[in-house]
Structure formats: C-alpha cells, structure tokens
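So, here's a batch of structures to check.
Next come two complexes, and both contain chain A; in the first it sits with chain B, in the second with chain C.
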Partner chain A sequence: MEKKSRRSFVKALGVSIGAAGVVGGSSILNSCTQVASTNSDTITLLTSSGELMKVDKSQLKPADLPSLSENQKRGREGLPGRKFVMVIDLSKCRNARQCMKACQNHHQLRPEQHHINVLQMQDAENTAPYYMPKPCQHCDNPPCTKVCPVNATFKREDGIVLIDNERCIGCRFCIAACPYSARVFNWFEPRDAEKYEGVTYNIEANVPQKKGTISKCLFSADRLRDGKLPSCVSACPNGVYWFGDQNEDAVTNGTTHETTSFSKLIKDNAAYTLMEELGTKPRVYYLPPKDRAFPFQGEIDQHHS
Partner chain B sequence: MKKQIILTLVIALMSVFQGLAQEWLVPDDQKTLTNPSEYNLSNVKKGKDLYMKNCKSCHGDPGKHNGLPLVPAPPDVVSEKMQNNTDGELHYKITKGRGGMPQFEITISDDDRWRLINFIRNFDPSREQLLVDAPPKKAKLLASVNEVEKKVEIFAEVEDANGSFVTLTDAAVKISAKKAFGNLPIGEVLTNADGRAEYKIPETLIGDENGMVNIVVQLDEAYITDNVVLDAAKVGQLKPQPKLIKKEILWSTNENIQTWLLLSYLGAVGAAWAAIAYVVFQIFKIWRLGKE
Partner chain C sequence: MDKVKSPEESRKLLDKITFDLTRSIVKRDEFTNFWYFLLIIFALVGLWGWGIQIRDGLGVTGMRDYVSWGMYIANFVFFVAVSLIGFLISSALHLLKIKWSKVISRVAEQVAIAAVALAGIIIVTDMGRPDRFLNVFLHGRFASPIIWDVTVVTTYLTISVLLYYLPLIPDLALLRDKGTDDIPQWKRNIYRILALGWKGHAEQYKLIAHAMRILMILIIPVGLSIHTVTSWLFAATLRSGWDTTIFGPYFVAGAFVAGVAAVIIVMFLYRTRYGLKDYFEDYHFNMMGKLFVLVCLVYLYFNINEFLVPGYKMKTAESIHLSNLFTGKYSTMFWATQFFGLLLPITLMVNKYFRKPVPITIISVFVLIASWFKRYIIVIPTLEHPFLPVQNVPENFQHYAPTSIEIMITVFSFMAALLIITVLAKMFPVITIWEYAEEKGISREIISEPKK
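Right, the complex of A and B next:
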C-alpha cells in the first residue's frame, strides 16, 4: 500500500530537482519518470532524453501541477490573509479597451463576451458623459451566490466571487440575481476550443471554458496566486486601475506601479460604489470622472427627458 | 483623356489634404503669442516638475528618445520637431490636445502651461540652458532596522572625483514598505554631515499577520545604487484579518446555513412524513377492523 501510494505520487505529479548542483545547473529532470527505487537514499529516474540517473531523494520535490480536485479545493479556500480590492479612476479612462482585450485573451472569451466592459455613461441630461469600466463588483454580500442551486458559485475569504464550471448546470439563476450584469453565459463553443482541448480545468481562471455554463470576472485569481496583478489592471495604458489588499491598506497602480494607501485614495477622491443602496457591499470602488484631460468621443443617446 | 487628367488632379489634391490632415494646424492669432512667463531658473524648475508629472509618461525623459511608441509618435523634448514650434504653437497644442495628446486646458493652469514651455525651451540649442542635470554618481547605501526603537538607520557614501567613497551629506533617502504588489512610500529623510540618517517608523504602519514589514530604502535618481531591501522586521502593526464570511448566514449555501433554519426545515419535512404515515396506519387499522 505504501509503495503504491508513493508510486502514484511520483507518477501524478512528476518530479523536479530542487538543487541544481546535482545536474549541473539545468533542470533536465523536470519531466522524468521513476523507473525503480534502489534504496532509501537514492532514486533512479529516467530523464526526458532517455537517460537513467541516480538522484538523492532529498533533492526531489513535487512539481506544482495540481490535479482538478486539488485545484478546485484550493480555489475554494482562496489566498489566506488577503482581502482584494479594486479602485477604478474614471477621470483617467479614455476608452483604450486594452483591459477588455487582455481579459478576453486570458479567460478564453469570445468577442461578444465580457468579464469587464467599458461603458459610456451619462448620469443626467446636462452632465458630462464619461467612460466606465465595469467588472464584477465582487460583493461582500453577493446576491448571485445565494441563488445557485448546486453551490457552483461562491464567495472566498479573500473577497473574490468565483464560479466552478465543473459544477455549474447552466440554470442562469445567478445572471438573473446579479444587479450589475457581471455574468456571461457560454451559449456557443468557447473561443479557440480546440486549442484548449485536454487542458486541466483551472477554477481560478475559468479556463478552459465550457459551453452551457456561466463565466464571470475572477480578478484573475490565478495571477494573484503568483503575486501578479490582474490582466486588466496590468494591461491598462492610462493608469485607470488600482489594485491591492485592503487588509494591508495598500493599492498599486497597474500602469505606473505606484503604491498608495487605499483608505487615503478613496477618501481624498470621494470614491463611491455602484448601487450601494442594494446592500451588496461591492469590493470595486470608483473615483469620480473629474478633471479629465481628454474629450469624450463616444455617442450618447438622449434618453433623458 | 480629359477624364484622366481630372482623376490625377483629384488624387493629387486628396494626397495634399491627407498631408494637411496630419499637419497640426494652429490658428494664426495663437501662433504668434509670446510667453508671458519669464525664462528663468525657478520657472524652468517648476516646468520640470509639471513635465515629470504630466508629460513624461508619453514623451519620455528629455534627450533619451524613450517616448511611447504611439502613432503619431510623441516627439522628445530635445527633438527638432518639438523645438521648431513657436511658443504660441506649443501653448496651443498643450492646451487643446489632439488624438492621443491630452488637452490640458482644465488640468494645468495657463501660467503653468507657459512654465512648461519654459522647461521645453531649456533644451532649445539657440538658448542658454538654465537647468543642467549633473550626471548620476555612484553611491553606496547601507541600512538596518532597529526593532526595539522602531527606527531605520541609514548610512550613505558617494564616489568622489578620485574614485574613493566619501560620506554623502544632504541626500534625500526614500523609505517604503513592501506590499502585495509594490512598495508603499512611507517617508523621506535627509542624511546629516556624517552621511547618516534615522527614520522613525510611524505607529500606523501595517505589517503582515505577525507585524513583520520589509522596509525598502532608496536614494533619488541622481545616484546610481541598488535599493536596499531589508529583512522582515517586527516594526508594524498586526495586519487585521476580519472574517468576511460569517459562519451562519440566511439564504446561503449548505455549509453556511443557520441552525434554526435547518432544524425547522428538517422538522417540517419530518412532520409531513409522520402525518402521511399516521394516515396510512389509520387506513390499515380500518381495513383490519373491517376484516374482523
């Protein structure tokens, strides 16, 4: 029993060499398979080039390739100690749409599907129109997770609302419940479906997408796990997005990489959240579109009368 | 034949207009405006601050030709394309903007826009250069954290003309704290005559779960040195970790259901089944009585 479990451990995870000294600096052994174990101290491995090699057991460590179930488990737990928050500076957004492009590339979305969408807004008849990027608000009191009959969508302790496409049955109750229209449905085969064939599903990126299920903005949870900013935040050329951890009260701008105090930023600029009257407690804050150094070039229909 | 000539004419005219469309036309009355702000060191310095804040992100560092690769390309400050403009033309272009160039009419005051032009003229070959940046010097920076007194102790040296290192006095040292996605600036100190400086870490600084903070110490851009990233020290407050998801909430997933709701639901289901069982039992009883 013990032998079997060790075998499957090595088989399933693959092995990589921790210290480079053994193989002279390169990681040839990254994808080698175990042939036989000789004694407790050394282990014989087959490299990808077909050579047999004896390696000390203490040099081995499992490669970071989580299986589907492990992925789903850690995806539900979230990153410990964090509480992610986004600040969108509307006075900077000039409709470059690089955020949307980066997002659709990252999350395998068709051109008509948006995890984040740049909207043209005008609040009243005589007020200035402006551009408003709108991702999922990652509410602290999310209406969408509560209507899910199969527990596919959920709120994590680090603030992110995620969806598990492996559990989703496509009933679209959550689309109906979300007041921000943040969710999209895969009506058709997802974009580049053949390219993603056989890829292990990653709950933190919703990739590969599944036809007949829901997808939504995830704050690029897979990138956050690697310590990177979300795709949209990094892609913005105009310094619109600030992103960070509310617990440590710091947000970083994706364009300038400047870091500032989150509470000071939202206080100094009189930040607001969308539809706060619904009690959803969004985790996305907006800074008002004032002092804009560019003209609004979109078209706004006059619906105000 | 006549048609052909007309066609060529039309095409030629169109290409001329295309060229004109790319040309940035400035109204004649704006072109001849003169700069009301005096070309002196203080105005150029203010202009530099404005340039660093508003223009550098696209036009790049003066003289380095490292502007963003946009279409049309934002010219470098020292380039002929920029310097061939009259003061009035520069003023109009900064004020009104076009395409990728923002209109600074609202965000920068008129006086400051003229100061910005003074800074641009600092790089005009036909004028005396007022603001000359010294080439960056090599420097050494040492720092340590005093956990007990919650202080950062800094010592800086700079390479002098002979290539030996001497103490660096009156240099601004920036102190920041490492956060999840970047370094948060927390303060700045000047080195004293001995090249030393002390920075008192503010009480409000938030660290990680155990109050540990990675302090980063750096000199300004006039010196070439590596930033000092200090080992995590216990100088910050404990990071607050409020629970986001309450253990029991109404109308949530199975894991977070409220106990009273679960019990009353199960009770109701149980009662319904018990009622059905009672009825069936009674019918069975009647059937047995009928048999006797």
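Right, the complex of A and C next:
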C-alpha cells in the first residue's frame, strides 16, 4: 500500500494539481521532498503538510477530474465492497501529535479545530493516565446522521460517515447528537480561505472548508480512493494506528507498514470501542493502554517530539 | 347570557362596548409614538447585529465546538413555550366550556402568534448558513426532529392565525358598518377588505362556529406537538441532562407556566392603558391566578421527577451535570428559577389577595423572567460537560458566555414580539366584540344591522 513507484506518485500529483488549480492548495500530496530540487521550468505547489514546493512542469499530467456533482455523487456512495476500520493501540501513543498536525494540514483546519484530538485520559481516580487519540468513530449506528435535517451528513456503504458542506445549513444538531465530541464547526472563515478560493469542493476531504458549516474526521476518504492510508495513520511515528478493510480482515500499521489480521489483532489484545453502552457501534477499536511503551507525563507541551 | 334586552337598550350597550373596545385602535398619543420608536430602534439594532453575524460568521457569538447551542436556542425554546398558551386558553378551555376564558382568547392568540412567529425567526438567526434555509424544504429528511419541528411550528402558526382571524371577521364587519369616524380611514378600509363581505346571516355564524370547532380540536395535537418536538431536539441526543424520557411533558408543563404569565402581563397592560377595567375584570385575573397555580403545580411535579430521580442515583455524567446545577457554576441561576418561577407563585397565589390584578402581574413578570433563564440552564450546562474531556482548545471553548451580538439579537426578538402584539392591538379590538355583546344579551340582528 505504501511503497509508491515514481509513476504513481506523479499520477497522484496530476490529480491534485487539477483539483487545486495552479496556485491553489492541494490536499493529496505527501512525501514531496523527493522531487523538490528539480531545475528549469518549475511550478510552486502547496503540500499536504502545508509547505510550498517547486515541481518540474514536465512531471505534471493533466488531471482526470470529476465535476462537482459527480464528485459528490461518488463521494456519497463510497468505495464499493469496502468496510473501513481503524484500530488504535493506546499502549503505543506517546502524544507525539503528528496525527493532529497532518490532519489539520490535510483538511484545512485551524489550530483549535481537531478532526482527531489526542486526549489525556484517566478512567478512575487511581488508574494510570494515558493518551487517547480520538477521531470520529464512524459509528454503524451514527446519532449524528440521524438528526441531520438536510442529509448533509450521511453514512456511506464503506462505513465512512461523511459531510457535504455544500448542503449543510449549520444547525449544529449533529454536534449536539455526537457523544464523542467529534465534530467541529467553522465559526469563522476557515484557515487560509484565500488560498483555497476557487478550488473545486472535494467532499471526500471536505476541502475547501466553508464558513458556517460542519467538519469532522472522514478517514481521509480522498486518500483511501487513491489507495493510501489516512493522513493521521501515515503521519504517526509510533505505530499507534492500524487501518484497513474489515471485509478483507486486514489492517496495516501506518508506521511499520506491517499488515495483520484485523480479527486476530482485536481478539488477542482485548480491543474495545468507546462508550459501547450507547449503542453507537463505532468502527474505531481501541487496544487497551497496558504495558505502555512510553510513560505518561503530565505536561503535554513538553511532548512535541 | 344575560336576559334579553329591548332593542333600544341593546343598541346603546353595543355602542358603549364598541366604543370601549376600539379605544386601543383610536388612541394615539405621545406615548404610542414613543413606544413604537423604542421597539423599532431596538429591533433595528438587533438586525444590525445579525448583519455583523452574517458577515463574520457565528464566531461572533460565544458559542464554540462544545457549547454549540447557546442563547439563541434557549430563547427559541422560550418563545415556543410562550406560544403554547394560545392553544390552552382559546382551545382547550373553550372545548371544556369554560366561560371566563372567552374574553382572554384574543389576547392569548395575539401572544401565541407573536411568540411562534419569533420562534421561527430566532431559529434562522442560529443557523450557520441562513442563505441555505430552503434546503430544509428541498432536502428535508423526515428522520430529523428539526423537520418535525419545522412542520409543526408552521402548522401551529397557521392554525393560530386562523383562530385569531375567524372570530375577528364579524368584528371587522361591525367596525366597517358602525365604526366611529375617529377610526382612521385606512384602518376602516382594511376592515372592509378583511371582513370578506360579512353580512351576519345565521348561516355565516354557523360556518364560523363550525370552522372554529374544527380548528380548536386540530390545534390540540399540534400544540402539544410543537413543544414536545422542541423538547426532543434535546431528548433525542445521548447527553446527560437531556437524555430523559419526561422531556416532552416537562416542557409542555413549563410552557403553560410561561404562557399564563405572559398573557396576564398583556391583559394588565391593556386593562390600564386602554381603560378596560370592566372587561378584564378582577374576576378574570382571579381565575387566571387559579389556573396559574394549577400549571405551576404540574410543572413542579415534573421538576421533582426531572431532578430528584437522577439526583438519587448520581450516575457519573449525570452527577457532574447535577452538581453543576445544584451547587456549582449555575446554582444561583438554578435555584433562582425554581424559587421565582415555581415556589413563589404557588405559595403566594393560593392566597386570594395575590390574585388581584397588580400583585399577580408583578408575580407574572418574575415568573416570565425565571422561565427564560430556566431555558438557558436547560440548554447550556449540559453542553459544557460532554462525555469526553474538553482539551487542546482555547479557554473560551470550555465555557459559554453570550456576546453582545447575541444579546442584541435576543433583545431584537423581544422587541419584535412586542411590536407584533402592539400592532395587533392597535389594528384590531383586543376582545371579541360580538361574542362579548352576545354574552351581554344583545341579539345578532342588532350586532349585524348597519349604521343608521
């Protein structure tokens, strides 16, 4: 899934440039350092980590871009035959926050907007504290999509709960309904609004963000379509995230790229879901924070590794 | 009904009734102008605030990702609550053949129309994208309680307007035919148009009575629905403090308390301002006071259920919410609303003296204010304590405090509601003339005979 050939990288690049326009922000690029130092006829692009880079024009291909309506249609249907699932190994999380950073860059989020948020948890007074990354749980019985009055948030066949911010009226009922506080709202103009002006809306990345509408974790559905792992999963330096397809019963670790059996992983490690008593049936599983690889340290700020 | 009078007596009495009940329409002094000026200025200031909010985004409010509903929603619930009085007084009591409430029906409908219209406007001010309001109709999903709310609120508004308008038609005809010259000509023109050529035939009265009866029955399920569905906006979520099965009746009971208070205040203002002592009598205030105690007792019962039962168990999340209300940040507001909104009216108004017009109006003012704050603490504290910790966000995400823009828009809503009530009172009689005249033994022939 990970080792990309140069050709497929260029292909991904072409798609993203088409999506972003010549100077606009792109959202799909990663590992851009590979091509940053080419000569002559170059063009400046914005990478998914928020940096500018120069790319040789000859490397670019015209993008095969779906129109907005087509994009929204396929975005609502999802990837056929898939059932995406995430496993978060709490014993590995050391609060590096690379997931949060990558996510905010990918989805055009302000510093206070979190599609994924690493929380400091303590279950009872005397139990050990631990770090818990918390993305949208992509529930199979999602309370948020139920309450949406205009079908702007919906459950796809592949298990992802998505948002159509061209449809959203900003009533924020879904925020009230979500017990995981997974949703954020664009209270002001979104971050870098000018950079994204005129960019065709990509429902699977929810970019560009729009003032007065909702956003939340989408499992990087745009990257999944390109056969990549979600931004947070790829960005983690500590092997916290496993991501994959329940139908294939396979999950891949974003750091080690090791692939294993999903059912075995959750069985061997006594995985659980968050607040299962609420009946939301999350698609995000947690492995308990036992034998933690890193000790919990009270001050979060010292932990930006 | 009083015993039948001679035609001469009847005509004289009808003239007096008409004269008294059109005083609100005729009267225009400096205070009227000042009142309009005040309402319009404040309403405009609120609209200006709304303009800023549309330009800059909902971020100009104190709401953020955790407390994502604030004063607007609390205010919305308050207005829906107040509007419910229309259905209680002009329908439920009528169908129970209770006589004293007839005089008050039109006041109740005025309050209901103003409140439910404003509820509809307030909810639009709370939207992140008011420009996409039509999506609610274009893409509405009937699984969402918001769509239920939109449906019943618009239905309720329609029925309330009809319940206001239908009994008004004979009055409009009466004013068209017998209205004195001090009623401005443009108002009489409007009466002529709105009277729809009413002639006062027995057949016409029969049709009105028939239509009214259908509407009165129809509005019962609709009226119960609007506030029940509004409560479900909260009860349909999983959050502690909202996740309760009694929210529907709890809200409906509370709505009657707020509505009775609002109607008493408006009654008192009409009585003093338009000299209607003989119409809104001490007797009516006394009866309203008894109704007030009754609805307060019902609401008290639901409050005990709502707080005692979870307070007894103190489940983790509930206990955070409840201690916040009982002893924490919101304790002053919580106990003040319970005291001024429930205990005080009950204990005072079982006493006859406090059901006199002045004391009961003062009590009503306290109750109405308490009712507003009660909605505030139903909406906000729950959102301040979600299941998962609030972390990695700025300080102002953790607590909610309304901003001046929110206060401006909320004041706008009050002023706009008062403006609607004022305009209705200045345009049309505040008591149904023909019904009142009939009560006094004046025959229909005399009511509908043209002016000599």
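In the analysis below, the second predicted complex is superposed on the first by the 235 of 305 C-alpha atoms of A that agree within 3 Å, B and C clash if a C-alpha of one lies under 4 Å from a C-alpha of the other, contacts with A are read in each partner's own complex, and residues count from 1 in each chain.
Assume contacts are C-beta pairs under 8 Å (C-beta built on N, C-alpha and C of every residue); 3 or more make two chains touch, one makes a residue touch a chain.
In this text the structure is predicted, and so the values were computed from the model without any measurement.
Between chain B and chain C, C touches the greater number of residues of chain A. In the superposed model, A:148 makes contact with both chain B and chain C. Once the two complexes are laid over each other on the shared chain, residue contacts for A:186 go to chain C alone; chain B is not touched.
Shared-chain residue A:291: touches chain B; no touch with chain C. Using the contact criterion defined above for the overlaid structures, shared-chain residue A:129 touches neither chain B nor chain C, since it reaches no partner.
In the superposition on chain A, the residues of chain A contacted by chain B and by chain C overlap at 146, 148, 151. Within the complex formed with chain B, the residues of chain A that make contact are 81-83, 140, 145-146, 148, 151, 154-155, 157-159, 227, 229, 239, 243-245, 247-250, 252, 256-261, 291-295. Across the interface of their complex, chain A is touched by residues 54, 57, 97, 102-104, 106-107, 176, 179-185, 206, 208-209, 239-245, 251-255 of chain B. Interface residues of chain C facing chain A in the complex, by the touch rule stated above, are 56-59, 63-66, 68-69, 126-129, 132-133, 135-136, 138-141, 143-147, 150, 233-234, 236-239, 383, 386-394, 397. Against chain C, the residues of chain A that register as touching in their complex are 100, 112-114, 117-121, 134, 143, 146-152, 167-173, 175-177, 179-181, 183-189, 211-214, 275, 278, 280, 300.
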